[in-house]
Amino acid sequence: MDDREMTGASARRRRRFDGWTLLVWIAGGAVYLFLVVPVLVIILSAFSPNPYPEFPPTEFSLRWFREVFQSEPWMRAIGFSLWLMVIVTALTVALGTTAAYGISRLEFRGKQALLSFMLSPLMIPQVVMGIALLYLFTAMGIIRTMAGLVIGHILVSFPYVIRTVGVSLSNLDPKLERASMSLGAGPVQTFFRITLPLIRPGIVAGGVFSAVTSFGEVSISLFVVSPSNMTVPVRIFNYIDQTFDPSVNAISVLFIAVAVLALIIIERTIGLTKVM
Amino acid sequence: MARTNRTPGAESAGKYRRNLFSWVMLTPGLIFLGAFLAVPFLLLFVISFRDVDNWMNMLPTYSLNQYLEVFTSRFYLHMIWTTLWVAVATTVICIALAYPAAYLLVRAPNRTVRTALYVILVSPLLTSVVIRTFAWIVLLAQNGLVNEVLMKLALISEPLRLLWNLGAVIIAYVQVMLPFAVLPIATSMGEIDPRLRQASMSLGAGRLRTFWKVTLPLTIPGMMSGAIIVFSLAAGSYITPLLVGGRLQPLLPLAIYQQVLQVANLPLGAAMSITLLILVGVLVAGMGLILRRWEGRMHG
Amino acid sequence: MSQIVLRNISRRFGANWALKQVNLEVREGEFFSLLGPSGCGKTTLLNIIAGFLEPTTGEVYIGGRDITGLAPYRRDIGMVFQNYALFPHLNVFENVAYGLRIRKMKKAEIAARVERCLAAVRLEGFAERMPHQLSGGQQQRVAIARALATEPKVLLLDEPLSNLDAKLRKDMQTELRSLQRRVGITTILVTHDQEEALSLSDRIGILGDGELKQVGTPLEIYRRPANRFVAEFIGQVNLIEAQALPGADRPPGTLAFAARGHFAAPGEPLRLYAEEHPSLAGRESVLFMLRPERIRLSPEPPEGAAGVVELRIESVVYAGSAVRIAGVLPGGGELSALSSDPSFPVLPEPGGILYASWEPGDLIPIE
């Protein structure tokens, strides 16, 4: 054995074993497991033919998916939720993008307070927001209408767009806008020709968040929704509040699929790590 | 040529035009929030002072009766207390679990692992809270998975009553809200200059001590923003407690939901809502203050 | 006695060897610099000494003890980082006291020690400041005080001055050196700034491509570079390849050579006379180094010089204390010279002619 090999071997022997790092990795792994297990359980149950979940699963079946697709009320709810999602997303993106742009380009006293106000729907107890809107819509006469539902959903999706577009705007080099204006473009032209194309990733991410938020919203919807025109989450809520129906598993799998799709869109447009 | 040597007046006119445009852009959003966020809360505030008759009809008189009822009855005071400690417990557990999870995210050995962890973290945020809570019913019900597995392993002979208590509420809350704690802590952690940890070790501090004295204090901003979101969500949700805890849990959001939709005592519901709003607001503002103090200390 | 000994240190990252078989001994109380271009492995080597990286092969000894597998926090080293790495949540006092608190010293003792350390770096009265309230130079001094507070056996400096502006850097160099002398601590400085290394160090190790190319005093490194890499890396040089002319006429005590690529007239190689030196004995071809500042320039051919060559001026760069002149020989081949300011009352013009000469001892054979 030559000298070099020996020193290599002795260095390896002395390599220290790090107990703490190992412990943290085990703990972290357990936390991710805790996060993912309920989702896996739903997916497994959805593909099982039995009305009650079992573990480990014994058979594979699409029975509950068939039941969902053959059920007229479920399909109507899905259609309604999707329709609502499209309207809410379009309106929220338009309102949120313009507001985020306006506030980012202005300097005035109380700007920070105004920004907090714009983000506050994230933090206000949802039950409180629900009943406040219930009272208002009752007074306005739009309770249990599509309009009320749209307004409620915009309210909770709005902060996400403000945030994602705000991040894009603050990463934008202000010199680009100044360059455009020095070349003779006015503020409106500069916004549409320079700013808008450059903050598109933030807008897309905000749109995805609005869509997903609207599609899954239940806390406010419960207060303002009409019994004849229910969204999917409200219908699920009513179902599991009263009975146990495995077709909810199948519906849930559809929701998870939408979430994964949304993730893929975000990853493709700006990358996951940048949004959150 | 004229453009290059503009007079000061022309320049301020350009600035005025830009500012005007920005205000025009901001206005629709502000009007919307004013009409559907500020106005309803004013309305809620006003209604909370109205009186009701025995059939829960609103009377045109104003008084503090609703607040007196909330703050003098043992029932409601106990409820406020329970709501707060459930929210605090949820927050503390979330933060504690968030650190190892954030560590894994920051130290993920490669992009694939990191993306996988991100998907696990973010996908619950994109799934409806009803569905996430429903998963816990499937797991914890009498004939649910946990009981089934425990029975199969012969650890228990009778199914345990895992649902319909505050423990179930907290477990479900933690799982639903954990990502809100992990993401900001991971961001804070990722921003720490690795040389600070090296400096600490070169001065003789081991890994554990370096965590307590360097990593933890430097992640306080992330920890506080995570805590603020988790706390306000846990103090204000009613869907999860209703589904896994049952209607009878002494939680304020639950009581508000029932007061309004079932008892239909609107002013009392409004007074309870304002109480909840102020409680959450005060605590969140307190945490925000700590956060700003700390950041002021570090960055001036 | 050697304080730090590196034996056969190699380090691989993936398929690349960042360090190859480095052997080095640093003496007690010595100020040693690791100098090299970026990516040469010098920071890797420092991190191995500090314990943040483990060598793929080889061992590290401090004070005779093998510490290769020891965690960084058990090595008793002080380290100063390029960006200072002050803890942003602790004030100056708490930063300096950090290592002392880890060692569970008594409160009064800590206070006294911190005060002494802050005085040593001339920062009395700054104890309550937060790092973000300090200038770059002040942060630098806190970092040094923090590293010295625990009275470590070894001080490691990772490009500590590169974030400071030029004037402040000069002041800090002087201060660092005198502080190191006073404390008498064995110090390793990693730097890519050759002037810094030359002016601060007792000895310098030149690293290139993961190998230690030369170890020596600043004088040795500058005046007698061991190889082409060191010659080209340290200062400006004219490198001239030459062929021995054994039978040729030559001044006493010298050897004669014919330069390759440098022509005194078209087709006539420049004749060089180098001092006799054991390393030149019997060599056919030699690489000579000629420092620009060794070349004398004059408007008329000087009397009695060993070799004089005509130089057509290509460029003149005035740098205050010195004038850098680059020119071409009549038959081809470039030469660059450095003269002090007073030697040219009127700056020469490009296109003009000057006469260059040097002493045989100025031609340094390398390799």
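Letters A, B and C mark the chains in the order given here, with residues in each chain numbered from 1 onward.
FYI, a residue touches a chain if its C-beta (ideal position, glycine included) is under 8 Å from a C-beta of that chain, and two chains touch if they have at least 3 such contacts.
Since this is a predicted model, take the numbers as computed values, not measurements.
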Between what two chains do the most C-beta pairs come into contact? A-B
What's the chain with its C-alpha centre farthest out from subunit B? C
Subunit A and subunit B, separation of their C-alpha mean positions in angstrom: 15
Could you state the distance in Å from the CA-based centre of subunit B to that of subunit C? 57
Send over the residues of subunit C in touch with two or more other chains. 71
Quick one: which bits of subunit C touch subunit B in the complex? Just the residue numbers, please. 50-52, 71-79, 81-83, 85, 87-89, 98-99, 102-103, 130, 132-133, 146-147, 150, 156
Considering only the defined contacts, which subunit A positions touch subunit B in the complex? 18, 20-21, 24-25, 27-32, 34-39, 41-42, 45, 52-55, 95-96, 98-99, 101-103, 105-106, 114, 117-118, 120-136, 139, 151, 154-155, 158, 181, 184, 186-188, 191, 212, 215-219, 222-223, 232-233, 236-237, 240-241, 244, 248-249, 251-252, 255-256, 258-260, 262-263, 267, 272-273, 276
Can you check the complex and tell me which residues of subunit B touch subunit C? 193, 195-196, 198-206, 209-210, 213-214, 217-218, 294, 297-300
Give every residue of subunit B touching subunit A within the complex, in rising order. 3, 14, 17-19, 21-30, 32-33, 36-37, 39-41, 43-44, 47, 97-98, 100-101, 103-104, 114-115, 117-124, 126-132, 134-139, 141, 143-145, 148-149, 175, 178-179, 183, 187, 207-208, 228-229, 232, 235-239, 242-243, 253, 256-257, 260-261, 266, 269-270, 273-274, 276-277, 280, 284
